[in-house]
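In what follows, chain A forms one complex with chain B and a second complex with chain C.
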Partner chain A sequence: MSISSSMSADGKTLTIAVDGRFDASSLDEFRSCYEGAVCESPISFNVDLRKAEYLDSSALGMLLVLRDYAGGESATITISHCSPEVKKIFAISSFEKLFTIQ
Partner chain B sequence: MKILIVDDHSYNRDILACILQDAGHECLEAVNGAEACEVFAANSHIEFVLMDVNMPVMDGFAATRSIRAMTEENLVTIIFVTALDNTEVTVKCLESGGDDFVPKPVNEDILLSKIAAHQRQQCTFNRLKAVNQELVYHQSLMDREHKIVEHVFAQGAKRNGTYCANVRHHSSSMSLFNGDLVLTAPSPAGGVYVLIGDFTGHGLSAAIGSLPVTEIFYDYAARQISVSQMAREINNRLRNLLPMGMFFCACILSVDASGKELFFWAGGMNDLACVLPGETSVVTLCGDHMPLGILEDYEFNDTSQLHNLAPGSKIYVYTDGINEAKNSQGEEFGHDAVYACLLENPNDAIEKITEAVKAFEGTSDQSDDFTLVEVTCCPVRHFALDTGELVDVGAKFRNVECFPWGLSAYLAADDLRRTDAVQQLLAFVGTIQGVELHQDKLFMIVSELYSNALEHGVLGLDSALKDTMEGFEEYYRLRETRLQEVDNHFIELRFQYLRSTPNQLRLTMTDSGKGFDVKSVKQDIVNNSERYGRGMSLLQSLCNELLYSNNGRTVTAVYHFS
Partner chain C sequence: MSKVSYRPSKILIADDSPADRLILQSMLQRLGYVVVLAEDGVQAVEKFLSEKPEFVFLDVIMPNMDGVETAIQIKEKAGDDFIPVIYLTSLADAPSLARCLSAGGDDFLSKPYNPIVIEAKIKAFSRMREMNQTLALQKNLIEKNNRHLIQEQNVAKQVFDKIAHAGSLKLPIIRYYMSALAVFNGDVLLADVSPTGSLMVLLGDFTGHGLPAAIGSMPLASIFYGMVNKGFGMSEILREINNRLNQTLPMGLFCCATCFDISFRKQRVLVWSGGLPDSAIYRGATRTFERITSKNLPLAILANRDFKAEPVRFELSAGDHILLWSDGIQEARDRQGKMFGEQRLTSILERGLEASAVFDDIIGEVQAHIGEGERDDDVSLVDITFPDAELGAQMEKKGSKGRGCLQDWSLNFRLESSSLRVFDPMPLLLHITSEVPGLRQSNSLLFTVLSELFNNAVEHGVLGLQSSIKQSAAGFSEYYRLRKEGLENLPLGSWVMLEFEHGVKHNGGLLTIRVRDSGDGFHPTNKTTSGDTQHVYHGRGLTLLRTMCESLVITPPGNCVEAQFRWLHEE
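Up next is the complex of A and B:
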């Protein structure tokens, strides 16, 4: 399991890519990915789950913490490359209302 | 280090003692196996024994076995000092409990380096032992804490003094610490409230979150408060209490005393599965709210659903530990397997699903990390926990006679901007004797009528907007803006309690809006149009009479206290 992050060329979108299991054990790694990102200008986040194998409720919790960090309601967070299973998990908890799921 | 030298020849003992004392060790001596055992038993902290093989009275093998039997663990290292080097003796030395050999005649360097090597092993062993002791200590501490928490919850569950025959459930003994929670409470009107939930996280933190939930649940159930209000209160409490990122997926439901009406609010849970008598497929009910503890009060949607179910229908609610249970190939058990199992086993679905999931996982020893609840829709019966006798839980409320009362409220400008107007009014009305048992339904009626009067009447919003995602946001944006411009507007509510058979409550609500064409909307309602769909059909099933007048600006609802 590993999580990596990269900033877009224009410095406005931080992409966090999750590889493998996305659960309680990812907590520190996930947080350190965005806490380093300086939020001087409005910035949007993209959580790329293309390589994520599994996602549990603590992963949902981490996404909520990210949303709060990024400004709560004013946050722009896209969760991309969700598998049908992952989409179902987001649907059950109505997370589509808080994040843009792709 | 304290070393015991066992040899029947004093010459040998003297040489060994001399070498060891020079190296700084303390020596004890014994002349045969029997004496070795006595010395060993009388002296604590002997860490090493140098053992001869052939001795009178008791030989080295028997002495080694005795000494081993005296120590619980391999705390003492026994080294045989022997001139015999055939296989049979070697094997016998090890079998009797020896750790190593030193050949006779003894070479000083070999002896001391062997002792040093074994000393290193003993150090490692002692460290491991210390760590292990610490683990055992923490384990017992945790077990104790678990017992305390279990006790607290067990006491909570007992406070009703009754159990409901309509509700059956499975949850493992560790479920509290998996974050799962199942609560059942009788409603004063004779029905039953059930809460099934799942906290994020495991361990004590999950159990701690359960405490306020339990308090609110029992408190509200005892006052016949609607599942919507229960959901809102739990959401607020958890939102303030829990750290960001921790939340509570839950389904709160209530079944009325007749067992026909089901109210439920669900957020973040699997769909409810209903098995209706005579049906060959499962009907699912979807609660599409956010889990509790995430949204702010003003964002929170407490809309609950009402379903009328045929007698004998069974409702199942289960946590994702069931559908996400995995077999050795990593495949999930899945919802379809759950539904098939429900249909095949109408009478013992709980037991059968529990067995099926365990068989699917293929590991009988694994703790079952899931919760499954079954609610049967038939007249609700409560039994005393201690005597097992049928209990009429609403007895003390039903015989209350109420005086005829009336209440009116005129809400304008700032009052209309409040988000808790209905809650305030109902908190008031709900405490009037004779109303207690009907609070939940009255709340549904008043809040539905009030939001119609405010949003469609005063604010002139078109609910058709809510059909699309963009429109949904637009609707709430408009709602906010227009609420700022309601200075000349009002909503007037009149409650009137009428003595009759049965007693009735007449609610008249008038708003300052433009009104609407009562006839055309009526047609829409009859046609069950989506536009007025859920709210209106809910009202019609709850009220005994529902009448619009004054060009749609006034609505009169009559509710029978039966």
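Up next is the complex of A and C:
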């Protein structure tokens, strides 16, 4: 499990990539990715779950906290490369209303 | 080339005339050579053996043994070592000189002697001797390396054959022909029956042939057999093979492959094909062929994130056949370099023959086409018969026998305080459930279920944390800070017990998970996803559990939760 982040060249999109397991065990790592980012506001976020195999409800909470940090209603957050299983979890929790799920 | 540094250290002169001997001897000594003298041919050979001179001057006409005979003997005794032999002669007629040279001498020197000519000849022949020695050394080295290489290849081949042909190629429904261009075959054919009873077949053709191609087939074969034996599905196996080959093979080396997953019970085949020529399904009822065209890039080319292992499905019935081949068939060349070609192959397929006759005709005609021509690729042809129900059932049994996979089982796993503080049971538990063939495919869902159940027990049961703390983003962080703190200071006597019961069911299985804890119980919150989802950071776990599990029973006072997780084989 590891989480890494990178800023786009124009400084407007922060991509956070999750590898392996996405749950409370990676809480601090996940948070420090965006809290540490010096950014021009407003920016958008992309959570890349291409390599995320496992996910539970604590990850859902972490995504909501990120949304809150990014401005709540006005936040632009994309969750990309979700596996069918992960999409199912997001669907159960109606996350497609809050995030752009790809 | 290096400059001529080589000088003979010792020179033999054989001449029966003392005066001539002396003249040449003094000349050579003045030039700085050590000189050994002989008075006739017999003595010359003796001195050659005892003194080991590196250069020989021989008078042609000598008592006891003449120069020509002496030259023959000296050359013979020198073996591979090149010892220049120069005749000393006052003969002037060309035929005599020619006879001398053809008998084994290297050159001649006419009397009277000229020191400049002598020095020049010695130098010239020294260069020749030096080249000869280099050549001999290199020849020895090449011979040694070659012996070594062949020995290494033979050992490697034994390993290769064990790995590449470990599976079920001997099944009565598989017939194959593979010609090897080299010790190692660039084509690799793998087949084995999985614990779920499916026959998995993979025909691969690595770029190139011989050793470089065989190196790639080692990981290919070991991953294939390892994963088939553990009940992985075809997509997972292909993804893993692609990933490994992509990471390990050098650029430009890749593997064209076609993979079949044949289910006797479901009477269907799943096909994935990348880069190999079409394969074909032979319909026994009509004696016609349906072509299966490759739609993917070969293995090893794409990084795994871009790799698609989506198979195509075909229905099968008894008497159908699957025929697959490598491009060595179409590309087989005759003596003029003309290829066997797609058309010839198609015409055989369209003859409306029995399946076995099709196989024989293809091999027969390809071989006749090649004739005495050079083979320039490996030729492989495989025929798999889809058996009737009875034989199919026998085939299926080959898979489940002695493979040591989990079927029906139960497990009680209790974590005490000291473990709860530090131990994360998820990897271990998923490792165990992965031993059930087919359940592994549901690992991702199962993780969510197990994680929710276990964390509920730890957080609400053992630690007594209230979900309502997670009312705000700050509360969310606070909740997990409290969780961490609570675990670090967990008093003795707390525990979480995980009980598993698994039973194989039709087309899958049912896993019952019961989680108890030492806590006072918890009240499942009523705040499961309501309309106001934006500001609630909790309450999703139970909803997830309810959706993913067939049933979820929380026994009051809430410190025992039982979930039933049903899974189906991948299709």
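Brief remarks follow.
The definition used in the following text is that the second predicted complex is superposed on the first by the 100 of 102 C-alpha atoms of A that agree within 3 Å, B and C clash if a C-alpha of one lies under 4 Å from a C-alpha of the other, contacts with A are read in each partner's own complex, and residues count from 1 in each chain.
By definition in this document, a residue touches a chain if its C-beta (ideal position, glycine included) is under 8 Å from a C-beta of that chain, and two chains touch if they have at least 3 such contacts.
This is a predicted model, so every value here is computed, not measured.
Of the two partner chains placed by superposition, chain B and chain C are both touched by A:Lys97.
In the superposition on chain A, contact is made by A:Asp68 with both chain B and chain C.
When the shared chain is aligned, no partner comes close enough to touch A:Ser4: not chain B, not chain C.
In the superposition on chain A, contact is made by A:Asp23 with chain C only, not with chain B. Which of chain B and chain C touches more residues of chain A: that partner is C. After overlaying the two complexes on the shared chain, residue contacts for A:Leu55 are found with chain C alone; chain B is out of touch. Overlap of the chain B and chain C interfaces on chain A comprises residues 24, 57-58, 60-62, 64-65, 68, 92-94, 97-98. Those residues of chain B lying in contact with chain A across their complex are 198, 200-201, 244-247, 249, 267-270, 288-291, 294. Contact residues on chain C toward chain A in their complex (touch as defined above): 305, 424, 426, 443-445, 447-448, 451-452, 455, 470, 473, 476-477, 480, 483, 529, 533-534, 537-538, 540-541, 543-544, 547-548. Within the complex, the chain A residues that touch chain C are 21, 23-25, 27, 31, 50, 53-58, 60-62, 64-65, 67-69, 72-73, 81, 83, 85-86, 88-89, 92-94, 97-98. Only residues 24, 57-58, 60-62, 64-65, 68, 92-95, 97-98 of chain A touch chain B when the two sit together in their complex.
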